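Next come the structures, one after another.
Each of the next two complexes has chain A plus one more chain, namely chain B in the first and chain C in the second.
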Partner chain A sequence: MGRQLTISCFRYNPNIPGDKPRMQDYKLEEYEGMTLFVALNEIREKLDPTLMFDFVCRAAICGSCAMLINGRPRLACKTMTRTLPSRFTVMPLPVFKLIGDLSVDTGTWFRNLQIRTESWIHTNKKFDFNALEVRMENKTAEAIYEPERCIECGCCVAACVTANIREDFLGATGINRVARFILDPRDERSNAEYFEVVGNEDGAFGCVGIMACADLCPMEIPLQENLAFVRRKMAAAGLKLQFPGVKIS
Partner chain B sequence: MSAKHTHISDVLVIGAGLAAERSAIEAAEAGLSVIILSLVPPRRSHSTAAQGGMQASLGNAAMAKGDNPQIHFEDTVKGSDWGCDQEVAKMFTETVPSMIRQLDYWGVPWNRVTAGKKKLPSGLEVEDTKDREGLITARDFGGVAKWRCCYTSDGTGHTVQFVVDTVVCKLGIPVHDRMEAISLIHDGETCFGAVARDLRTGDLNVYLAKSTVIATGGAGRIYAASTNAVINEGTGGAIALSTGVVPLGNMEAVQFHPTGMPPVYILMTEGARGDGGYLLDKNLHRFMPDYEPKKKELASRDVVSRRMVQHIRAGYGVDSKFSTQQHLWLDIRHLGRQWVWTNLREIATIATNFNGLDPAKDLVPVIPTQHYTMGGVRTNKDGFAYGLKGLFAIGEAACWDLHGFNRLGGNSLAETVTAGYIVGKQLAKYTLGATQTFNYKLIEDFVKKEEERIKNLISGKNGRENVWEIRAAMQTAMMDHVHIFRTGPALEQGVAKLQELYRRSLKIGLRSSGQGANPELAQALRMPGMLRTALCVAYGALMRTESRGSHFREDYPKRDDTNWLKRTLAYWKEGADLPTLDYEPVACPYMPPGDRGYGEATAGPKK
Partner chain C sequence: MELAKNLQTTLNRSYGKTDLYVDLAQSISGVILIGFLWMHMLFVATIVVSPQLFDALSEGLDKYYLAQVGIPATIIVIIIHIFLAGRRAPLRLRDLRIAWRLTNLMNHYDTWIWAGQVITALCVGIMASIHLWVILGAWPLRAATSAARVASTGPADPTWGGFHFPFFLVFYVIFLLVGEYHGGFGLYRILVKWGWFERHKMGWVLKGITVIIVVLGFTALYTFTQIAKTGGAIH
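The block that comes next holds the complex of A and B.
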């Protein structure tokens, strides 16, 4: 016999007239290797077919299932119930628009981020179907892959003091995204052009340095280092704009 | 209730994975207006879960020297066990190298050749030469003559989808995510678009277009254990089948990947074996060379999966806390910590997350697991679906028929973008020349039909069957009767069980109110379609009295080119509880049926 779990879930469906936000308890028996993916599906299939939540890959690679688990933003699919007390809470991520219960609209938020930061390769070269690829050092490819690993789950945004009070803040994920393109030699944007995008209070300078993002990133992306990298680039670009001719090491 | 919004575009793409987005780019660049519908935001599509890489004969790595599209073509045909469309395979293998390079131009951080001498885990010494340094490298994969699988660590699907999606963003192609197409609008001759349910609000919307593309991925979730994401329920194929005029091709061709990791059945990439990993049994004996002396762990997936089950049946399976059924081990410890946590980082993380294992020092439990749907909406080589004008299908949802009865690892990710490009061009050409008139009454009738279904599910007018119970019973029936080893009697029982479940699925009644974006309603709407799909698999398997690729009949263990060099076409007639099967010949214009070079027919039962 496993433990008896009590999962206290946030419930509210804004599409049902008169529905009110509340917490609802569900009891179920734990078993070996149980994840929150298994537990929440069991609730839906056996106890309450109306419970809304999002899972896609259930392998911690697609970023769909981030939620507040006992107050901390985490991916539900890889959270083992044995790491939690027998009674715990699950709530939707803050910052993102609520769709219902544990389901939030990260898709729209991240789409806007891509567009605001123009997160695509900017180049004047034309693609030639008959040409070989441009050579690149393998270590450069590996360096780009590091920030590219972000799965846009939103944990860093939900955990961010600034993002919780400033609607337009790009968050660690946004700064990480820009770092990815700065690192990429195929992108021809200058530092001054990146400065336009992230050299302000909504970007690299809006962070107040609590670094909860770096602690909570499920992909363990070095968000602190990436912030330092982008800030240094932007500081240099800012100085250059303000004091042309000053030499920056 | 009637349709909340009506959207009109030139092209409607259903799905937002790699095949979907790549075709949308082609259509948008031709100046067409495109709308993409998706169950989830594009970057959550199951394409992102592809790990190992993409096959393309660039020939840059030391072990890739001399590679070319012809060798890739031959590997693909052998892999398919002569079930594929050779015209498609030719076109594909010739186009895919420039697709890889275009992805590079768009920003995929492909791993590169580093020059120098290297000692492979097999003991072989190779040298990557200076003249190739910095070009895109490749790793070994199953069933191939050359190292051809281009990769970014073991997160290739992720990087490729993210980069292709950047192009979709740049072109401003609208993506309506959390929007599920629940039926195709058609008059028996032409497809006019789809009725879709908004998964945010529960509202029904109408999408009208000159061309509709089905790119919804596979149907792995008809099985209880699958590496597939939970959204891979074959919804696109099911709505095409429901038209009664569009057939699904070769649905009995289901791939079981050798290395799903129990108890969660998440994929451990073939790249693990490509990079030199072994399969071990309960005595920690490396058994694959006993069965397949030539290709060892790197025979094609159908062969390795069968050999694994054969070995477990012979009494060499492992009992462990990781699984209620016996399994085998994947051993990559000898590749070294640096390699494992750089080039196989995603699976190393998965093994840590879900089983607390570090593959650099621990063995990882593995078991053959449903992985890929070779069958799908049957199309011609330009991607035009059979049966309806203006309907196209691509990627895993389609039976373009690159894969025949067994897909080679790394050929699916490669297919997505290549088919997206090739079919995208053809559909753009078609759409530019097409006009469309919409019969309002016809559209309204389709909306009304869906409203009626929803109303009946909520009121329980047709019955009170429980959707989750039916789904679980279907998944179990597929595991028990339509798995790796198949026999006539077991398949007959399976078909009977699925028919019974299908009839019950027409009597589902909700336990909840069905209000808003209700998840029980979403599942209930899909359930009859999933069962029709499952029946196409089971019934197709029952009727195909031979063994070819992944379809293995213990009562007909040999490939039968005299009678079965043909493709199954499954239709669903209105009111039926079984598909109607038809067959078309498979032509072999370039490579007549022969020896695969691995597998039971070549290597025999056990050396």
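The block that comes next holds the complex of A and C.
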């Protein structure tokens, strides 16, 4: 007989007129190897089919099931219930648009990030179907792979005080994304172009250095290093750059 | 590239490097102030060695105009730092509530430390102003007068009930703690942002330095009270 778990869930459906945000308790029995993802599915199957939450892969790859577990942004599928007290809370991630209960829309936010950081390889080289792929040094590939491991779960954004209060802040994931392209020799963007993207308060210089992102990243991406790398890179670039600037008075 | 450009964001673009300069200036002003604070505390701690050394140092700073130049310069850096670092703090009530809620929800160590930094910033701002007002009014600083101030109790006036309370001692103890907290963790955050060191190890080094400085400060305060007991007869 496992522990009796009491999961206190945030409930609110903005689409139901007059619905009020509240916490609702669900009791269920824990069993060996139970993850929060399994527990939530059990609630939905046996106790309350109206409970909304997101999941796809249940293996910490898709990043859909990020939520505040006992207040901290984590992945439900990567969280064993045995690591939690017998009573705990689950809430949706802040910052992202609330769809209902534990479900948030991270897609629109990340789409916006994708466009703002121009997350694609900028190159003038013409792609040749018949040529062999250009080889990359193993070291370079490994360096790119570190920031590339981001699964866009949004935990770093939810954990960030700055992202919570400044709507336009790119967050750790955004700055980390830019680090990935700076490291990639195939991207021909100049420092000035990168500076345009993150050399401001909404990017590298908006970070306060609290590092909740680095501590709570489910993929354990070295965010302090990556964020500092972009900050130093942008500072060095910015000090050399010339901006003509338009004065309108 | 911003998705929707309006007049304000379009014109902000033309400032180009402002955000970089402001961020650099914030870090630099912080480093200057923590450097000043640690140096200041080491200077004050000379009282532990001997009041003569304290006086000689104080006289030297006056003689070579280091105090006359250093103090106004420090005040200017403090004011700059308030504006630069203050813009990071959640200032609107809405932001304050969001930040406080998130801090409580997450219960994450570094986020609490940061919340403490915002709170101590307010304390340091107010207490540094009082401190400056008091010491500038008591210039020149000498071991005897400083000891008398640290040990003074008040208000001791019959109309106030005639009670004795060591206002200055309590003030300095609190000021020392909040100042070192704000400065120590402030330097930690600057170094974290620029990322030259592994942050956990660096955090412990800074905590070690801070503890040493705080202990020195307490020792100096104790020494002042002892000097005051002997009636300030030190020369």
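Simple rule for what comes next: the second predicted complex is superposed on the first by the 241 of 249 C-alpha atoms of A that agree within 3 Å, B and C clash if a C-alpha of one lies under 4 Å from a C-alpha of the other, contacts with A are read in each partner's own complex, and residues count from 1 in each chain.
As a convention for this text, a contact is a pair of C-beta atoms (placed from the backbone, for glycine too) under 8 Å apart; a residue touches a chain by one contact, two chains touch by 3 or more.
Note that this is a predicted model, so its numbers are computed, not measured.
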Clash or fit (per the criteria above) of chain B with chain C on chain A: fit
Partner chain in contact with A:Glu137 - chain B first, chain C second, else both or neither: first
Chain B versus chain C as contact partner of A:Ile115, first or second or both or neither: both
Between chain B and chain C, more extensive residue contact with chain A: B
Which of chain B and chain C A:Glu42 touches, first, second, both or neither: neither
Which of chain B and chain C A:Ile16 touches, first, second, both or neither: first
Partner chain(s) touched by A:Cys57 [first = chain B, second = chain C, both, neither]: first
Minimum C-alpha separation between chain B and chain C after superposing on chain A, in Å: 13
Doubly contacted chain A residues - partners chain C and chain B: 115, 118
Chain B-facing residues of chain A, complex: 13, 15-16, 32-33, 35, 44-46, 48-52, 54-64, 78, 99-100, 105-108, 110-111, 114-115, 118-121, 123, 125, 127, 129-138, 140-142, 144-145, 148-149, 151-152, 184, 186-187
Contact set on chain C toward chain A in their complex: 1-3, 11, 14-17, 19-20, 22-24, 88, 90, 92, 94-95, 98-99, 102-111, 114, 189-190, 192-196, 199
In the complex with chain C, residue positions of chain A that touch it: 68, 71-73, 91, 94, 112, 115-116, 118, 159, 161-162, 164-165, 168, 196-197, 199-201, 205, 207-212, 215-216, 224-225, 227-229, 231-232, 234-235, 238-239, 241, 243, 245-248
Residues of chain B defined as touching chain A within the complex: 40-41, 43-44, 46, 48-49, 98, 100-102, 104-107, 109-114, 133-137, 152-153, 155, 158-159, 162, 165-167, 169-170, 175, 177-178, 200-202, 229-231, 263-264, 266-267, 321, 342, 346, 349-350, 353-354, 468, 510-513, 515-520
